[in-house]
Every structure is written in structure tokens, then in C-alpha cells.
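Handing you a structure now.
Residue numbering begins at 1 within each chain, and the chains themselves are lettered A, B, C, D, E and F in the order written.
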Amino acid sequence: MHSVEVRDHIMIAHSFRGAVFGPAQKLHGATFVVDAAFQAETLDENGIVIDIGRAHEVLKEVLAPLAFQNLDDLPEFAGKNTTTEFLTRHIFDKLAEAARADRLGRPGGELASIRVTLHESHVARAWYEAAI
Amino acid sequence: MHSVEVRDHIMIAHSFRGAVFGPAQKLHGATFVVDAAFQAETLDENGIVIDIGRAHEVLKEVLAPLAFQNLDDLPEFAGKNTTTEFLTRHIFDKLAEAARADRLGRPGGELASIRVTLHESHVARAWYEAAI
Amino acid sequence: MHSVEVRDHIMIAHSFRGAVFGPAQKLHGATFVVDAAFQAETLDENGIVIDIGRAHEVLKEVLAPLAFQNLDDLPEFAGKNTTTEFLTRHIFDKLAEAARADRLGRPGGELASIRVTLHESHVARAWYEAAI
Amino acid sequence: MHSVEVRDHIMIAHSFRGAVFGPAQKLHGATFVVDAAFQAETLDENGIVIDIGRAHEVLKEVLAPLAFQNLDDLPEFAGKNTTTEFLTRHIFDKLAEAARADRLGRPGGELASIRVTLHESHVARAWYEAAI
Amino acid sequence: MHSVEVRDHIMIAHSFRGAVFGPAQKLHGATFVVDAAFQAETLDENGIVIDIGRAHEVLKEVLAPLAFQNLDDLPEFAGKNTTTEFLTRHIFDKLAEAARADRLGRPGGELASIRVTLHESHVARAWYEAAI
Amino acid sequence: MHSVEVRDHIMIAHSFRGAVFGPAQKLHGATFVVDAAFQAETLDENGIVIDIGRAHEVLKEVLAPLAFQNLDDLPEFAGKNTTTEFLTRHIFDKLAEAARADRLGRPGGELASIRVTLHESHVARAWYEAAI
């Protein structure tokens, strides 16, 4: 399997509900360094998985509605804990949608899966990986 | 699949038996930066794989008996080469045990697998991954 | 000059006032990975700059009032932009105070300077360095 | 599954054909930091996946024909775009060949798979993973 | 002293003249991950060294004429070895010019110095630091 | 000032004397990732600070007597705590000696200073910097 991964980041505020979160129940924030990996069994006729320029752009588009936001205020996330895990899945869904819509410069059907990793500090990160 | 990974480290002494190890047959040591990844198909009702605070604590508990030790002196490892690979498996076994005993703040049966990575230098690392 | 540096991190929310900040004028957040370096011309009788265990503890104590906070709500920072640069200086001041009070396990007068670095993402960081 | 990974690097020039590559159609270059991971279900009698010294040597041997080259000039790559993805596969093929020829200090049949990762910058990387 | 540092990168081809360079006398290439640090004794009225958005833009502008180039073909560098060290100074000169022309969003006279670091691999880097 | 830095590593065992070291009084070990930076006001006629190949070789030569050793057994270190700080100075002294003996491929008198950094984990490091 071939994979190509690009990196970007967002800086957001949010709070969590649930005793398990301890002090993170208060309004706080995070820098998430985001890695998006696109996977395919074969390379296209140019010798690439996808256009890496498009990958950077699509990742930036997907992150834009989250950048510099208090996630607690976004209607889309009402009633949800926007945990690192939750956000890996949210970003995966948006990227998979872009892939299926052929917005990554290659027919989505030729891509196998996507993995989204969020680094929240030097000692913790989370990722979500699934078929498109 | 969802994954959450936490990081800690240990500093140990040890020696190896076997010509393949060359100069590492002598008593030497290592800093192992340890990443423990916990994987689950679904998030719990809080929107997490496991309580990341518990993950950090359980990893620290598992590493404590190794920290600042000469591994050659530990009865548990008698007759074994405590290679980086061996230690990834040892730490995996202890973490899997904690997971099955529900010590990670989520029923062990809801976790799928664990991956333990030991970084031994800027140019070498090893990992072990298996179902719990 | 000898230096010893330890690392920790905080996750905070805040907002900025001033057109120069663009979208960062909104409430958002950051993970700051914090490096604190302590510098001395000579090593003490144990062969160290300072007790690295104490350095980790004092850094954690200094960061504790900031951890998981909305910095906009802290009276101490009223009327201030809690920029990365501002925070490097704030943490420096607290560490310098601890050093002068001999809380680092070595007479403060034997330490020369402190440098505090805050990494806010994979593409931006700031630091402040001064004599104690 | 057990894995051991070693790191090296190459510095090369090349150019690409195809509008998708934009400015990278011009002669330019790259440092590729190369990670080669070797995977096996079981450890050998020494407690290792493979001799890590041999792994470093074989990776260096495989990279040597590429190091400090203009890849456009190598007959082996005539008519090919030597993209990061293409090179992950090329290096995989050479390492798999070495593994099958028992040149890694362990019968190739005891190894399961190899993963080759090329880091091309702080924001982009690619990898190829397959059974040997 | 306060410092703010931003990161970007370029991918270039070049060759060197001089026996000291060994195989690097051939046409090859490099990814340079570039860190530009701007230093000032005091923060401005917004609590910053400089506008970090402007810093990213100016660094990108300075790197643009080098990006995806064969440096051997640039008239500006005729007769020069475009070593990592040489390029740190070249980029410093361009950034210092921008600072003196008040293009960094703060009067250049309020900035003290600039440091430019080029990472050429995981085991080698160079930097140049001087007063503006 | 121009600087060039190269990286290598050693894996050693040692123990410390003194209550301040707590559990590190026991025989344990460390991987030290070692960065050696060489600094000069001017570049030579080739456009470099020093031959980076020679820098890598000299660093390797200086580290060789320490590699895979129990530092407690080396007569050279008898009665000393081989702390990270102590080792930065020891390696500095050996590199400065090599520089003054013109073993770095440039007259030692043309070099200004050397900085030696030892990374002992992902959360701690030390460095020593001085004029040659």
C-alpha cells in the first residue's frame, strides 16, 4: 500500500463535559498539528498517490471552519465533546467526502483509505483510519 | 479504527549475549522514549478511546519497575536478552493485562489492540502491536 | 556556559485585542510546549547545573496556574495580550523568582540566566532569555 | 507483529514531467530522510527481529546508488517520474530483495513485511508497505 | 532578549566546486527546512516582537526565488558555492533588508538581530545570526 | 556568526553518587543524542565553516571511547559523576583539542567556539558552549 501524508495545524478553544476530563472540563484550548495520510494500492500515471498540492489545499479547506474558533460555539458540534479523537473522525469524514467527490485530483474510487492524526502535545496524540 | 497514544521514558542499563550484538555485549544503557497506543473501533459515551490521564498513569506504573534499573539484575528477565524488541513485547503484555483488568477506565473488552513503540536513538526504534 | 533544559506543556484558551492579530482576535487556544533552560558558568560539587528533578517540579508549579485556563479570565493578565512572547516573559519571571529564592536546589546567585521557549505549533515558537 | 526501524538519508536532484507537478517540473532537489521498518511475527533466538547493524548497512547499500545523484541521469529511472512515492517502492524492492537473499542476518522467510518511509520536508512524507 | 521564530522550506538542486565536497561536487539537491528568528529587546504595544503572519509572508517571499530552482543556474549565485552556510547568510541578508525597510510590521530599528537556520537532514544543520 | 552542527549518538551505562540523584544513584543508562556545533565569524574560501564530513568523523572519533561503555569503569572518569552536563564539557574539550590541532579541515584559529548538546530524553537536555 502507498501512502502520502501532509501536515497543517489549527489553534482552537473548547471545554468538555464529564468527570473523566478533570480540569479539562473548563474552557481551555489546544494547538492540533494535523497529519492527513491518503492511501492507494497503486500510483497513477504520474507516479503519485494524489497531487500533494491539492492534498495541502483540501486539508486547509477542511480545517478552515475550525481554525481560531471556540468549538463550543459551533452549531455543528452542539452536544458533543470535541475531543481529539472526535476531531480526528470529523476531519476524516470531511476528507473522505472530498476524496469521493474527486476533489483530490484523482478519482476517489482509486483511493483506499485515509488516516488523520492530531498531535495535541509532545506526549499525546490520536488518529483515526478507515476505508473511504 | 480510533487510536490514542501517550509518551513517557525510561533510562536503563543492560548487556546482551550473542555475537550478533558486537560491542553491545558489554554493559551499556539506553534511554527508551516509550509510546503506548490504545485502539478501539468506537469511542465511548464521552467521545474518547480511553481516559488519557489513566493511560499516562498506567504507562508510568508499567515502566516503574524498569526505570533506573540494570535489567541484567532483574530476576524476571534472567536468561533473556532485554532487546528493544523484547521490551516492546514486555510492556505490551503489562498494558494488555491492565486493559483486560479494566484499569484503563474503560471495559477492556471494548479495546481492540495496543501498540508499544520504543525509540532508542534518533536513528532506531522498534514496536510491537497485537490484539488485546 | 553550561545549560540544562527541561520540557513540559500547557493547554490554554485566550483571545487578543488588536487588528494585527486578525482571526486570533477571537477566542481560540493553544498547546504550548514549554522548554526552560537554566544556565551557569560552573557545575556544582555533584557535577550538575541544577537538580533536574527540581527543575521539572518548579516548571510544573509555575505552569499550574495557567494549565487548562482561559487566560482572558485571569486577573493577573487583565488588559494584557497573553501572546506567546508575553508568556515566555511571564514564565521567565516566575522561574527567576524561584531561582533567586534558592528553590531550584542551588543558590540562585550561582545561576547566570534562564531561557524560556514556547513552541506554539510545528512552524512557530518564541523564547525569552535574560540574566536572573 | 514486531517491527524494527532504522533511519538514513539521501540528497538528490530530479525533475518531473506532468502539469500536476507545477514548479516541480523544473530541475530541483530533495533531502529524503529514509526510515526502513522490518516486520516479523516472532523474534529470533537472540530476541531480535533482525541484526540492527545489518539493517543500517543494507539500507546504506541500497541508498548508495542514489546518493548525490541527479536521478534524471540514471538509466534505471529513464522515462519515470522519481516521485517520493516511486522512490519508496524502489527502495522497498531493493530491501525486499536483500531480505529474500538472507542478507539481513535472518532467513528472509522469517520476515513478514517491510515499510519504507521518505520524509521530504517537515510537512510531507510518503511510505510504501508490503509483504516481502 | 525576546525572539520569535517561524518555519518554512525549499527544495533545490545545486553542485559544489572543491575537492572538500567529495560526491557533493556532482549535481544533487536538498530540502532545506528554514527557521527565521527575529529578536528584539522589547515587545511592541500589542505584546509581540513582530506580526507572526508578516514574518511567515516575508520568509515565503524571500524563499520564493530559490524554491524549485537549480541554484547553479541563478546569475545571482554565479561563481559561488551555494552551501548551507552560504544560504543562511543569503536569506539573512534578504530578511534584514525587509526588516530595515519596515516590511515586518514593526520599525526595523526596534529589531535587534535575526538568526536563520537551515536544516539539511536529520543529522546536519547550519545557522547565521547577526545584528540587523 | 556562522554555525554548523552535526549529530551522532552513544548508548552508555553509569551511576551517580549524591542524594540529589535519587534513583539515578543506581546503575542505569542513557542514550545521548549528541549535537556538535562549530562556529566561525567567516566562511572559508569554499563557502563553509568546516568540512561537514570531517565534523561527522571527528565527532564519531571523540564519542568512540564512550560508546557501549559503563562509564563507571573508565579510569578517566574515576571519582567523577558522569552527568549529562559533565559529558557535554568532556566532549567539548575533545572537540576543541581536535579543532586546535587543525583536525577539522580548517585552521583551528579560524574557529570561534563550539557548542555540545546532549539530548537525554524527549524532556531533558544539556549543552556546553565556549570559545575554543
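Convention: a residue touches a chain if its C-beta (ideal position, glycine included) is under 8 Å from a C-beta of that chain, and two chains touch if they have at least 3 such contacts.
Source: prediction; values computed, not measured.
Q: Is it true that over half of the residue numbers where chain E touches chain F are used by both copies, so same, or is it different?
A: Since fewer than half of the residue numbers are used by both chains, the interface counts as different.
Q: Centre-to-centre on C-alpha atoms, which chain is most distant from chain F?
A: Taking each chain's C-alpha mean as its centre, the farthest from chain F is A.
Q: Centre to centre, by mean C-alpha position, how many angstrom separate chain D and chain F?
A: Chain D and chain F have C-alpha centres separated by 31 Å.
Q: Rounded to a whole Å, what is the gap between the Cα centroids of chain B and chain E?
A: 41
Q: Rounded to the nearest whole Å, what is the centre-to-centre distance of chain B and chain D, using the mean of the C-alpha atoms as each centre?
A: Result: the chain centres lie 27 Å from each other.
Q: For chain C, write out the residues touching at least two other chains, lowest number first.
A: In chain C, 7, 122-123 touch at least two other chains.
Q: Mind listing the chain A positions that touch chain C in their complex?
A: 7, 9, 11-14, 23-24, 26-33, 67-70, 120-123
Q: Touching chain E in the complex: which residues of chain F?
A: Residues 1-8, 43, 46-49, 51-53, 56, 105 of chain F touch chain E in their complex.
Q: Taking the complex as given, what residues does chain C use to touch chain E?
A: Contact set of chain C toward chain E: 16, 18, 20-22, 80-86, 88-89, 122-130.
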